[in-house]
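We just call them A, B and C in the order they show up, numbering each chain from 1.
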Amino acid sequence: MVKNPVLLIALPLIIGFFTAFISPFIKKGYSIIAIFTAAITTILSSLLFSNSGTDLITYPIGGWSTKYGIYLISNIQISGLLVLVNFIAFLALIYYSIKERDLGSELGYSLGFILSIAAVNGLILTGDLFNMFVFIELLSIGGYILATHKGGYYSAFKYVVLSSIGGLFFLIGVISIYNVTGLLSLLYIPKTESFHNLPAIFLIVLSVIWVIGLSGESELFPLNMWVGSVYKNTSTSAVVFFASVLSVGGIYAIIKLLSLIFNNGYAAIYRYIYALGLITLFIGEAVAFKQKDAKKMLGYSSIAQAGLIISLVALSIKSSLNIDLYSSAIFQLINNIIAKALVLFGLGVIGYSGFNKLKGVGKERREVALLLTIGTLSLAGMPGFAGFWSKFYIVKSLVSNGEIVFLVVFLFSALFEVYYLLRLSQIILFEPQEEEVSLEIPSIVEYVILTMLAAVILYIGFYPNVIYNLICKVGLIGG
Amino acid sequence: MAFTIGSLIYSGSIFSVIIYLLTRFSVKLGSIFTTVLFGLYVYAIYILKDSVSISFIHLPGAYNLTFKADLFNWPFLMIGTIVLFVSALFSIHGLKSFKSAASFNFLSVLVGTSVLGVFGANDLLTLFIFWELMTWASFFLVSMGKKEARSAALFFLFMSMISAYLMIYGMFLVYNKVGSFSLDVIANNWGDLSDIRGRLFVLFVLAGLIKGGVWPVHVWLRTTHGNAPNIFSSVLSGILIKFGSFIVYLFVVFFPAFYLTTKGVSSVGAEKLSHPILAYIGAISIMIGTLSAIRQNDFKKLIAFSSVSHAGYIVLGIAFGTGSAILGGLSHIWVHALTAAGMFLSAAAVYYVTGTTNMDEMGGLVRKMPITFTTYLVAIISVAGIPPLAGFVSKWLIYQALIAKGNYLLTFIAFFGSVGSFLYVFRPLATVFLGQLPHKYDSVKEVPWSMQLSMLIVTILTIVFGVFPSFMLKPIIRIEEALSIPTVKIEGYSNIYTMLTQLDMFLVAIIFGIGFIFVTILFFLLAKSTKVEQYEQYTAGEIVQEISTTPEIYHYSKNYYRSFERVIEWAPSLEEYYRIAARHISRFYDILDGIIFKSGIPMYVWFITITILVLLLIRW
Amino acid sequence: MVNMIILAVVFVIGAFIFQVTLSGFSRKVVARIQKRRGPTVFQNFYDIGKLLFKESSISHGFIFDFGIWMALGSTIATLLFMPVGGWALMPKYANIIVIIYLLAVGSLGMAMSAVGSGNPLASIGVSRALTQMFAYELPFVVIAVLIIYLAKSSNILKIIEYQTQNGWNLFSMPIGALVAYISLMGMLGKKPFDTPIAPAEIASGPLVEYSGKYLGFLMIQHEFATFIEVGLFVHLFMGSTSIIGFLIKYIIVYISAVMISSVMARLKIDEVVKFYWRWPLGLAILQAIITLGVRF
């Protein structure tokens, strides 16, 4: 029973409701409950991971057969992502309980975190379209709550508008496919007769609708306008959640849709999604380049990375699954999760994110600045750090598949990415201080969080194939 | 005991952390350790002179990093480690009041390992990894400089990343074709790469030109070298831009010639190896570098443009294709490394003492800093290509090659750079070292011993390689012979035979010495001269009261070459065009931001509506 | 070995006597042009002697002295490489490029010493001198390249040999000879190219602070440099192996240069640069195209 991944979803939900239940009686300590939840999910996902292989295993729920009922899917890649995502959630919640407990209602935000964990786990695990819709909505609700942390109400409002539209689109897509095939199961829809007979234009529109639907969560075009303001105005733990937890759910959901449903190489589809992704990449990096606030800058960087990953996946399903492209995308996703979390935590520890306030902070907070720099160097793809290898594998797969246009767009955008990331480090470390800022002394726990993430980055930087061969080189339909 | 490149890099990276901690404790101690480490590198490379050494570092779970040191990259390794050693020696005292000395030393050691890693790489992946390592380590090092250093560092980063990304594309093109990154495999299968050779050439050579600071992609040199911390400027200009020349050498000379040799071609002539367009790019770089250097008022920016000009010589030599030209181009790498180190170290010494590099604020420093002056004098004599120093040898070889082919246009440009360099190198000599010493510098002294020693080493090496050029030329002649390129003959230590004539540098030095000694003796035989104060000057009958109190009013240093500048004033600045392009891109991105993200909810609704309508249109 | 030394000494002294006499003679020529008598032919000897044996001279420091040693020392060294007619002290090493560059050492020494005096007039003069060198070297070099290429050697003796077989370069490339002649006038610092000295404008420029033995040394250096430069021109364009022929041609070239310069006014330094880079350089390229065709 412990090995069944449904606990990863059920447990946070139960704990969440239970907490709400007992809230009139207990006034404090909610963040501890949240930490506890994240810890359990991390442990559970590690157990799942250790028992996973490259084959996709289905876990039916409630005894229904997987053709008609709700079920979960997992393999070593999915469980690996789960471990990572839940662990980052765990770290963020520890951070929340140390530093940001007083930023609002402790009950409300703890519940928001717990709900988000449940939703992300659900999105990553689910094998069923309607279930996916439910979790998208749940994720949005969690996102609404988290976006208002520290008072970012207008940005949360933008998020509300955009993700509700997204949800609507997704539902339209689900309804259409149900209409045609009578099924909602990701694994079985592509096997039905009616699906095969669908005209290409229908599939194109369908795929685009789903991508648009999920674009709110995964920070792709066209529903990602909320990212900049939300990232800037919310708290550190919440922004880490957005960057490294929530968006992963959305991105992986798209990946699942594309790989599982459109897995027979519908060449027409990939063109639109690929174009969408490349536009996202280019515009994301371009706009990030102009930002004067570090968190906003990283938000746009997340947008660009999401575009990159989705483009790569779309390319990889062009004909039968191209494992090189696919695995480089997953690797990029993983490196991104860790490095973004590190940089965002670092900014949180410093306490400011505007460039004018960050100038010269590195002189007083040298260790934090250096750890943060490890994060930026990894995002920039410098050797010695994890990001180098993901860029390496991306270029390798692109060149060997002759995708030169993609390569040019990617490298051109990467020029600006390296520029603004290292500019951030430079501002923190070398600029002379201009404004009076008061810095809190970081606690040991914060240092531990930063060091842990930095250590993982360095480890992957020197031994990349451990993660790469284990987790990334696994396609969802057995490679 | 023989060291391998792999072991040197491995130990270097471990030592970098130790040196960081040591420097936190005591700057001198940390720098001494760095100097010892780099001295070890010099020794290790030196004893590898006639042997082949292959090594690797195993990264479990990833590709192996393979290294080699053989006759084909020995000259690069040797001069690289010498420059590193000299700079480290200088930094023992030179880092005295530097704010982030610990990080400086740490990053310098990383840069040192990258020098070994790039020149000593046995496969393109290793080369690329260490190239990138050098890029980010240099970025942080340059950022530690003056106020404008930070934007200069970003510009440097951007250009370096362009060259890196060009290389990574080329790398994978090669990998696709031959299935390996290994340089040996590429060299042996160069023929199979014929359909992508054009693309490879453009990618790698362009990457090399950007890194090497050749026109038209030289614009980052001025601000980067000009604003970097002084000691690091000597490393930047001395060896790091030679990474670019190394790449050009690999793809223009090494791979084609090696392949032809393995195919049994006994003489790889100029037809196979010459690239006229590239040679002309080098030539234009010589001209632009020289003319821009004449206009500079800042000591270090002047030397930066001089580096542009000399990068042009190197490319011209390599691209011209004949044996003498390649020999001249490659030996010019040694020459320029030493002269750039010499000039930047003397600039650093001047800065250490006066706190500025603005030439019109100084003067007369020769009285206080004779060793610095000597280093600078020897460096500029070499830069101008005057015998009997090293600069003459490499330039002379290039001239021989150009004249022998009757290419008067390129010879003209090569001479242009040489004669023009008299102008710009003389300016710091006249404005900084000679002339009137301002009273505010009355109490300055010569720099501490480690800095003097380091400058002396550079000076002595420049003289030795000039008078006995075989030390510099023989390793490169060996390369040419191994690549079946018809080359020049060298007899003894200093007798060079080319197709046009012969030259004995030692004899030239001796004759020069004889003349000098004769005149000196005659001088002292005549009546003794009276020494006067610096303010006792001919003032055309006017009584200039202020001469003794503010000697600087009588010092001619502002706009030293104003009359010449008037002749070339009309020329547009390439840097300005780059800046304009950058501004346009930036503005475009702002517009994107404005349209898409800054607009509020109403705009989003518009977008969504449009999307829905488009989808409906397609569906029906 | 001893032979060589004796020959060298004889050569140097011979060159000295020849050139100083000739320059004294040229003063007479200029005087006649200006409707005066002029000093005696040996006046320059007297001048140099007086200067050298003066009891007092002013020194502005070590560099001031060192530069003079470097200037005269390297000029004498360059002289030792110069061939005369078909004879040379070191025939295998009479390399034209080496000679051109060694002359530069002399200029550098003088420049260093001049600026080391601390007088801004000297500095101005030196900056002009360097600019002028930049200006006149370039057309000269283009022509020199042509000659070296045709003679297949940069050894002056081989160039002379080539001319004995193919006739004087003066006739086979007259435009080139004209260009080289104009460059020669710049090298010698004769009007209209005496901007670096500019007696009334910047008080003799680099020479402003020299007196006594220093000025004497500089005069000697100037004479030797003239010998080398004019000699170079003669060898390049009218080369033949007879020594007497060399001396006669030398006299003709030198006196004609003096005569031309005596009737010209001085140019400004930017005018010098613009002139050299427009007309002589253009003509030199034209000559190159005529002789060798368009070569890329």
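The rule is simple: a residue touches a chain if its C-beta (ideal position, glycine included) is under 8 Å from a C-beta of that chain, and two chains touch if they have at least 3 such contacts.
Since the structure is predicted, the reported quantities are computational estimates derived from the model, not experimental observations.
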Where's the contact count highest, between which chains?
B-C
Chain whose average C-alpha position is farthest from chain C's own
A
Going by C-alpha centres, which chain is most central here?
B
So how far apart, in whole Å, are chain A and chain C when each is placed at the average of its C-alpha atoms?
78
Distance from chain C to chain B - Cα centre to Cα centre, in angstrom:
35
Round to the nearest whole Å and give the separation of the Cα centres of chain A and chain B.
44
Residue ranges of chain A in contact with chain B within the complex
157-158, 161-162, 165, 201-202, 204-205, 208-209, 212, 222-223, 225, 228, 283, 286-287, 289-290, 300, 377, 380, 382-384, 388-389, 392, 395-396, 398-400, 407, 411, 414-415, 418-419, 422-423, 425-426, 429-431, 462-466, 468-469
Interface residues, chain C side, partner chain B - complex
52-61, 63, 65, 68-70, 72-77, 80-81, 90, 92-93, 95, 97-98, 101-102, 104-105, 107-108, 111-112, 115-121, 123-124, 126-128, 130-131, 133-134, 137-138, 141-142, 145-146, 148-149, 152-155, 158, 203, 208-209, 212-214, 217, 268-270, 273-274, 277, 285, 288, 292, 295-296
Residues of chain B touching chain A in the complex:
59-62, 129-130, 132-133, 135-136, 139-140, 143-144, 150, 153-154, 157-158, 161-162, 165, 168-169, 172-173, 175-176, 586, 588-590, 592-593, 596-597, 599-601, 603-605, 607-608, 611, 615, 618-619
Which positions of chain B touch chain C when the two form their complex?
276, 280, 364, 366-367, 373, 377, 381, 384-387, 392, 396, 399-400, 402-409, 411-412, 415-416, 419-420, 422-423, 426-427, 429-430, 434-436, 500-504, 507-508, 511-512, 514-520, 523, 526-527, 529-532, 534-538, 540, 551, 554-557, 560-561, 563-564, 566-567
